[in-house]
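A single structure is presented below for examination.
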């Protein structure tokens, strides 16, 4: 492959590429709106060509001919293997246990991967009214694995959520394990968080832990943009492998030619 | 109309014609297998052309080009207005309250119109194993009105059912009213029973009462083929109006040309 | 042998006048696809007030109706401009700091997507509740006390439940219907069928009126029977800026433009004046639109192909 | 951009050998329409034993499988020969007075139609129960203690419930699929979709294998995705004497003939010998049938017509 033709990869491009690569080996992916949409479509064009894209709007096995702006775009229907009612999509496919991985984002995440997409401030009199759950709450519970993609900052990576819309590892792995068992969750919870600075995993306690730093990002930048003392493994932190020329070309020329998202 | 070309109407023909006429003014009819199927198709060709035929197999607005043997015949699908899953048919159409009248039959009926289609004898060790409920139990509860068509005999019109598959007026109108209200039934219960000898209605107590005697039938024949003391109004019992030439022609030439059913 | 019961064709003006009343619970459904903006605009023009507006995704149409003062309450599961960002007019009625003098906060009643679907399903199936696996360890049940738990009768614990939703009127858009209101739809089905069956009254808005024979040639394509439809409105392009699969594309540019327009109450009012109040109907709206913009939304054909039902006689 | 994962095409012999085991709960579904007699006959030939056979309407196929000794239990909602009368082989195993020496009664677990549909729906949606309005004041709950009541969490009383049914294997017949197992069907849909999603393994039997492009040209026609299908069997005429909408008619004459054949155990055994055991596969069954009888079952065409999905790029 030739070198990227454009400028160096931007933080958003690093985020999208790292998220796409996290999907390696996954078969059935529930696609969210925005950055997850680009990441999943990039993965299908690179390391996960066999992956089936599921859109909550009611499409299984989508082959979008263009990048859809919304998750209800007509291009996800034409040429798909199955277009179904939302009752079937949420009941048979998601709750029925057919989804390997769901991608979520949010306005706030805590150290255990719990997510807030509902309000900033008090629920009854919010400072900021956010979109709410959509399918996120049930994706968090019924997809076998959750990946999170969001930009990090002290406003978004917080010690305490203003509202827990979608459960992650709750107050830690022990609590989460008990609830998952008692309430029949399919989800093993969040496994990966990809940001504009780094990739995180979750340790045995269910707490977020730094895995790799994106090229150009520093530990100081990571620490300064997280509202709790983030766990960092001892020793050298590996660098996230940089995007290939082909990945950047796909993002810049095919998936987001107008630069609207990335 | 000219006089019927064939022989005099048979008891079965009288039964089918009387049942068809009982449908006058009804809009949406749930069609059962066998004699109800013929009665409903006759009604649609005569006094109820606007009637929508609903088949539990999943068809709304059927226009069968031939008389279907089973209620799942391909002729009920082709040219229908909607063909749907059985989940939709039983959930949205029947339980959702869209059915005006359901036709039922049975091996046994009691004075309150309760029906048995499950077993003769003990349930665990039956003398005769009958087909069971099919959709009858929920039709009896969710169709707004029930009509019954069955041949009468002391074996079928019984003092006490061996098994109550589908509820009618229970132990009488007072009991039935209370249960209908408490459990949210849509059904007003059975209103008409058509046999090979007569047409019955139900009085204010919810008990079956003779309405009209078919031409040629006698009160003695009626009494001798019912296992309880049937209520007969004082005074002259009217005669069921005889079939028209056109009704007989439709049965004999169009609906049942081989005489398989009637 | 047709079950024809006569035409239910009406103008949008007459359909809204007859079936949408002040104080009603209204569900204009359609998930991204087939949203009847034409009906929403007519409700604004007819100045309906105190409506409870139910939709999974309120989308621009409820942002416009809220801005126009039609609503007192929202029932929803995702409150945003899909692919773009916020619904600013609704935010101005849900965030106390943004509230204009004299305005009150909208009531909100929120669920997840599966919960909203389940509410319509329960309403349509006449069930007292719909059970689902969601909400566990979420703050949503605390925020909405109508999200409750139900005990399984099989000894395997509790599951979450939502109550039935039975709108006074459901308004659905689709590709085609016959004059009796037998509606056929393809592409994203959303919960058009469930909302229609759950509602007390149904207005079906379609791109095309077809002969009953067209419907009856493919009965598995029917999502809603004429039996439950009160009015059929023939309104080509009636879903714009939403879309109709095979007929026109989503006008994504407008969804982005609305983000700018709706950030200020004055610009929002001005848009409503120009594109809703001073436009008598959808035909005039289309005539007012840039013809090249409209043309650019037409896709090239992608035929489904035909299947054989067989003629059995 | 296809999600192709390779062919799942197998012979019926291999599909049954791999996916149907002694003691399994098996659902060969299809309401009158699209009943896989080919699969049932292969199960008989492979001498599976102690099966729990689930079907809304056991129909002739389970009468034949019971006569052949495959079954220990039936789960059903209507036990008859539709339009004709009784299933005599099953009656001989459910009425003590008719039981042959050495034979035992079949276990029976019975519901109503809506109850059976609900059992598959609960299984497919991973729900602990399915609520429905039926059974009230019927003796069915006394006969089947798995029919229970559940309390609504909204203070409006109790409603009836059935438990989920998750067969070990569901076998569905349909008009067409691609080699990956994306199945399309039209006409009576029965509960093919729900049974397939509820099952641990799925065998899809179809009249025609089509290119993936044919499936993708009409995605709303897909009832079951390849994702949940373990084996695809190409078996033209595999539903006879049941039927396939648009392909062939129900062989009503055979349904009547079976009434006479099945009244005597010896005649039943003789029929099984001639038409199942001594026939290696469905192709041989068809070759053995009267060609004129087959031809008479073909309907004249009744095309659905094509709709436009639009090409959006």
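We just call them A, B, C and D in the order they show up, numbering each chain from 1.
Basically, contacts are C-beta pairs under 8 Å (C-beta built on N, C-alpha and C of every residue); 3 or more make two chains touch, one makes a residue touch a chain.
If you're wondering where the values come from, they're calculated on a predicted model, not measured in any experiment.
Comparing the chain pairs A-D and A-C, the larger number of C-beta pairs in contact belongs to A-C. Placing every chain at the mean of its C-alpha atoms, the farthest one from subunit D is found to be A. Between subunit A and subunit B the centroid-to-centroid distance comes to 58 Å (mean Cα coordinates, whole Å). A separation of 40 Å divides the Cα centre of subunit B from that of subunit C. One inter-chain figure worth recording: subunit A and subunit C are separated by 29 Å, centre to centre, where each centre is the mean of the chain's CA atoms. Multi-chain contact residues of subunit C (touching two or more other chains): 126-127, 132-133, 157, 186-187, 189, 193, 217, 220, 245, 249, 299, 302, 309-312.
Contacts with at least two other chains are made by residues 59, 73-74, 77-79, 83-84, 91, 95, 184 of subunit B. Going by the touch rule set out above, the chain pairs that meet are A-C, A-D, B-C, B-D, C-D.
Contacts from subunit C toward subunit D in the complex involve residues 126-129, 131-133, 148-154, 156-157, 159, 161, 163, 175, 186-187, 189, 214, 217-218, 220-221, 245-247, 249, 299-312.
Across the complex, subunit D meets subunit B through its residues 31-33, 56-57, 76-80, 82-84, 86, 90-91, 94-97, 105, 110-114, 117, 121, 132-140, 143, 157, 186-191, 193-194, 243, 245, 249-250, 252, 255, 299, 302. Subunit D meets subunit A in the complex at residues 1-5, 124-127, 182, 193, 197, 212, 215-217, 219-220, 222, 225-228, 309-313. Residues of subunit B that touch subunit D in their complex: 33-34, 56-59, 68-74, 77-79, 83-87, 90-91, 94-95, 118, 123, 125-138, 141-142, 163-167, 170, 179, 182-185. Contact residues on subunit B toward subunit C in their complex (touch as defined above): 27-28, 44-45, 50-53, 59-61, 63, 65-66, 73-75, 77-84, 88, 91-92, 95-98, 184.
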